[in-house]
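These notes open a run of structures that come right after.
Each of the two complexes below includes chain A, the first together with chain B, the second together with chain C.
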Partner chain A sequence: MKTRKMNSNTVLLLITIALFFVLYGGGCIAYSGKGFTHLQTFLNILITNAGLICVACGLTVVMLTAGIDISVGSLVAMDCMMLAVGMEKGIGAVPMCILIIVTGVVFGLVQGFLIGYLNIQPFIVTMAGMFFGRGMTAVICSKQVAITEAMNSTFYSWANAKIVLPFGGYMNNKGKYMAPFLRVEVVIALIVLLLTFLMLRYTKFGRALYAIGGSESSAVMMGLNVKRTKMMAYVLSSVLTSIGGICFCLNTMSGSVQQALGFEMDAISSAVIGGTLLTGGVGNVIGTFFGVLINGTISSIVKTNGKLASSWPNILTAALLFLFIVIQSIFAAVRAKKK
Partner chain B sequence: MDQDVVLTARGITMTFPGVKALSNVDFTLRKGEIHALMGENGAGKSTLIKCLTGINDYEAGEMHIAGIEGPVKNHSTRDAQNVGISTVYQEVNLCPNLSVAENLFIGREPMTKFGTIDRKSYNKRSQKIMDDLGISVDVTQNLENYSLAIQQMVAIARAVDMDCKVLILDEPTSSLDEEEVEKLFKVMRMLKEKGVGIIFVTHFLEQVYAVCDKITVLRNGNFVGEFTVEELPRVKLVAAMMGKDLDDLAEIKGESVDYSKSEMEISAKGLAHVGTVKPFDLDIHKGEVIGVGGLLGSGRSELARSIYGADRANTGTLKVKDKEVKISQPIDAMNLGMGMLPDDRKAEGIIGDLTVRENIILALQAKNGMFKRLPKAKQDEIADRYIDLLSIKTASKETLIKQLSGGNQQKCILARWLATNPDFLILDEPTRGIDVGTKTEIQKLILKLAGEGKTVMFISSEIAEMVRTCNRMVIMRDGEKVNELDGDLTEERVMKAIAGGEE
Partner chain C sequence: MNTDRKKAHFLTKVKNWPLLLPVVSLILVMAVNIVHDAATGVNPLSFFIISLNETTSNGTILYGRIIDILNRGSEVAILALGMTLVVSSSAGTDISVGSVMSLSASFCCMLLAGYGVSSTNELAVPLVVGVLAALFMGALCGAFNGTLVAYLGIQPMVATLILFSAARAIGLLLCNDLIVYVRNDSYGYFGGFTGPIPTPIIIAAICIAIVAITLNKTSMGMYIQSVGINSKASRIAGLNSKRIIFLTYLICGLFAGVAGLVNSSRITSADSNNIGLYYEMDAILAVALGGNSLGGGKFNLAGSIIGAYTIQAITTTLYALGVSTDQAPVFKAIIVIIIVAIQAPPIKAYFRKKSLEKGVAKA
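On to the complex of A and B.
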């Protein structure tokens, strides 16, 4: 077989992964005394960011078509509020989750139709979606609603289920064995990640997304159904956001207007750090996953340090984004020169 | 319908705002026939093709396709593909970020039994398709890693592999060099043997006679006639396209003049841009038309770009009018009285959403500084002058430039540079993709400019037109200036110099 030249996009992905290990390794060395080396620290990053993983997968899908979806943060808030209020009213956990997904489909269909068929700028459409979601959250209930065991024991038990891993535990200072555990939402998020990965790589729909991002006019000329594919990308984004909303709610167990503020920006920055280009056609969810992990690791390091102000993660993320954009443009320049 | 006919279009009529693009046009394509569709810019060739492929929605007329009952009306490229019409355009319509194999198969990928796309099988089939066409590529590599010519071939391979009955080639040769054109012709003949009907649009007359069987001529949106190649020799064809007899293919250059005594306009010593042009020396005198010849990718454009500062020269010195200058970006060159018409008009030239007037005054405005707006009356005057001078076909000077045909867009960009009144004008493929009549007009214009004391650098793939217009030629090969020809230029001499070996 011919040796395959390494694609510059693969190199970008490798840089992202390497950066994660450097950051995480640095954290382990600096804070080994504070328990950063425990497997649970890593698992906690996954638990806290399970919702973000789902949402960022959805964003990667729309960003591949050179689109954007900034409605995801307020959709998550709306989902959490719907779950909290629904359960307060005594509706079951399963019907509520189905309702949330259906809401996501409808939300995505409206946005996708406007973007795909009426050719309106995705930024504008999803900005309207963002205002609608946040506003609707307050309309449903303007107070903070916590989900308690008394309200819905099923949902409560999902949220508190521990999936204990048979390895990687440690003895705490009282000599008790602490087994590492995962939560349900992590399993959901990882399934979403895997399915999105396979979808992007091995289905017609997935490849059409790349084609549209590469050159939309060419995609039309090649006979792809660009309008429908674009609409479906936004439907998928909203559905994955809804699943992410459920994961988020399992973690926070409450609904509030102020929830998930700026969540869309976290998701976009994760995707960008993971090598997804805003101009479309380049990127995949593995990169996005590591982007989320990098953001999570930064927060975790700052939290473990304990002395740093809580705004430091923002500054570090800014620095990283900057770094990645510079690396990407250098790669692009090198590629252009080779031609 | 006749047994052999695969496609008929009758009475196709289509109007754009303000312009009747097609009126009552007929077209007939038979099995295993290569049929040239000819006409000047704006004659309606592209419009007709877009009607056939479902991009334009024609108002009247009907289309029939062999094997399908009743009239066919396509509403999208997809519809057209479904009835067996595939199209390859001048601009490559593929996705650079996908692999060659994906570009061949996207939208019709073979599936595995799990309902996923079968990468292995389409990679293998793609490799075979490309090998059969005699094009050596690694199909798993991204398309953007290959040259424009290869990309064009991939586009053709895609169309061919779709089992089309009708293959439309819309100026596929304008960015190919001679060898690649030959390869394309081979493929076309192969398809003809298989019974595919091919509609071939080109501006190169010799190509029509090299491969085509029939010619349909359009003029100003009207159907002029359908002819066999034998009954329509070259001069008659041109006359049919232009609607008049012409002196155009005759010699247009006057007496050759010795310019070596006239003052120096540009003098480059050891100028180079790493990776594209090796160090070269070049003296250009005032009033000269200097041609730059060579194969596609030989560094023709890059030589010009390094003078103009579009690619900043890494080494060497440049003198303009005997003064040593430092040009690090195009605006420096503009301020020194240079102008450059780039070869890629889609990417570097036109700004589609601005009007013809705005496109024309753009460079002049940039030269004056963005804060000193040209008065509207002045803008109008300039726009009108050049629309008239270059006979740009446009509904008005306030029409968006993207609504103009390719050749007219090209003229607008030429007008843009003429408006800055440059002393040294670089024209990179100014006649690509435009018809013979306009080509001749542009060639005449170049000579006229030189006569007025301007200096022109003329880059073209067509040796014949350079021989007709230039008084001296520089030959490039692999990024290196290998020869300089003056005196009596002939196609043969230039060709030999490009090919290398003894002159």
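On to the complex of A and C.
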């Protein structure tokens, strides 16, 4: 039997998970009259944040290598616009989705090449990627385009498909049974989450990512192909972002230049709250998943309250971020003292 | 023979000149303007023409594309000053400056108009109070960032991410979710004109002068660089590394407050959602364009300032070429990538190898 000691990273992850339950429990107690206790409220958080889960998974992968990818928000906007305009032109749903993912691969290859092989700082490269994505969205179409049933019935049916759960329903005021349901995008997001988790944990590539984030020079000496691995990390991030873009579009059903503004910061804050360090080498997608859920719970609570100003979710998320960063730095100080 | 050697000497001097990259990019932008003007049949030198024009609202003012670039580029130039110091001392970037601009402007307008008032012609408090409040708010945010980075040892990007998302939101709360208009001529002064010259240019010039004099006449510049190169060694050498890093963030926040004041004075209102949007990106870009490494250490203030005006020149040129505001980022992205790719170590090494081979072949 193996016995494992709890290290400080596990403790941090546990704090994140505990915080989510505290927040959600608090919401349940405070707003039980407004339907917060129904299972559907939780599922709605998953539905609205399905895209964010995929994007944050990609970002976690990049952050493990001590990099950053701030182009994700504009890439999501570009994906949505491409989907909307493509469907307006009468291209099928499946070819469009494949095209989106191919775009993601190309986008990631260019960024990854510049970062991995040319040694340019990730922040600058992905900032250029961010400008490019946002600008390209406007080049494709500068108006807001909505996807309707007449345009593409397949995509419309995906977006409106309800996956009904057999448990956890409730009777509404009129005595009608409301069954809780999920949407397609949640299933996609959860599959992405699971695959990323397994990839990071059990594959050579996943372990190489941690090694590079821990210490790049030791990774080189270990004989790892650092340049290639870094490039692949950015390709993976862009591909997951593209999948996230499709999920996001299934939820909003429109494309516009102003879409997904600040999405990259949501994703980064989710990952940081989930215990991923920007210095690399530490973190996993389970933490990130709970980070997204915490973000979602906060905005859900503010929405349920109805009286708070729209800027409160931002302030609360920032306050949480502050809390977590301080806890992390205390942990780091303790660890340094032990040595 | 002698002239040949002199020529080679001059070439290496030019090659190693730290301002080469920003100056070359600025010249390229001007060249594009001249070619475009010539192609469309306008006077090719119209880019450089500065004239005095009569206007109904502002009296006689200076007019011309260069004046416009200097005027519009003021905020980014002011931000780039603080950003250069931050990058140099802590090897990180302050991504909160845009949001801090918005918060300072909101706080200032909220005080001038009174809480909950959305439009006013009369100032509720003297203008000086509002201006000082904006600067104070900027410095306060800078101090917050500085404490996190210097004393708690948090990575700069994460530390400033907090205010990046919170500052703008707090500004909205201060303004009660409204756009606050301060329709008073005295408030419009900072974004208006002093005699014939746009005031933002003067404010930017004053800020640049203060920083340049401080860095040149005191050892502050050297301290900041030495902390950036090796903070442990600097501490052992007797410098208070933490306090120096803290100070650079404080200065950066203060300048963000100045930039916010100028930006909101231009539109005589506090539009919390839009003031300073993406300005942090432009400021960081200005630092990188100026030939400064984002990895900290040595910095070149002149480079950052030229970089800031180059960005504005690129934007103005794109508008002159008929590119829409939404589409301009595409070209900006391509230009950024080309500029940083030229600077990338592997490409530089490749060219060095090439020129060495050439030299060997000659011999």
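Here is the rule we use: the second predicted complex is superposed on the first by the 336 of 339 C-alpha atoms of A that agree within 3 Å, B and C clash if a C-alpha of one lies under 4 Å from a C-alpha of the other, contacts with A are read in each partner's own complex, and residues count from 1 in each chain.
Simple rule for what comes next: a residue touches a chain if its C-beta (ideal position, glycine included) is under 8 Å from a C-beta of that chain, and two chains touch if they have at least 3 such contacts.
Remember, it's a predicted structure, so these values are computed and weren't measured experimentally.
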Inset, instruction - Decide which partner touches more residues of chain A, taking chain B and chain C as the two options. - result: C
Inset, instruction - Once the structures are superposed on A, label A:32 by its partner contacts, choosing first (chain B), second (chain C), both or neither. - result: neither
Inset, instruction - With the two complexes superposed on chain A, say which partner A:160 touches: chain B (first), chain C (second), both, or neither. - result: neither
Inset, instruction - Could you look at A:117 and tell me whether it touches chain B, chain C, both or neither (first, second, both, neither)? - result: second
Inset, instruction - For A:219, decide between first (touching chain B), second (touching chain C), both and neither. - result: first
Inset, instruction - Please work out whether A:208 is in contact with chain B alone, chain C alone, both, or neither, and reply first, second, both or neither. - result: first
Inset, instruction - Using the touch definition from the top, say if A:142 reaches chain B (first), chain C (second), both or neither. - result: second
Inset, instruction - Determine, under the contact definition given at the top, whether A:265 touches first (chain B), second (chain C), both, or neither. - result: second
Legend entry - Doubly contacted residues of chain A, that is, touched by chain B and again by chain C: none
Inset, instruction - Show which residues of chain C lie in contact with chain A when the two form their complex. - result: 93, 148, 152-155, 157-159, 161-166, 168-170, 172-173, 177, 281, 284-285, 288, 294-295, 324, 326-334, 336-337, 340-341, 343-347
Legend entry - Residues of chain A touching chain C in the complex: 68, 114, 117-121, 123-125, 127-132, 134-139, 142, 257, 262, 265, 268-269, 272, 277-279, 309-312, 314-315, 317-319, 321-322, 325-326, 328-329, 332-333
Inset, instruction - Report the residues of chain B in contact with chain A in the complex, numbered from low to high. - result: 76-78, 81, 87, 89, 92-98, 102-103, 106-107, 109, 115-117, 119, 138, 140-142, 144-145, 147, 158, 275
Inset, instruction - Under the touch definition given earlier, write down the residues of chain A that touch chain B in their complex. - result: 2, 4-5, 7, 198, 202-204, 207-208, 210-211, 213-215, 217-225, 281-282, 335, 337-339
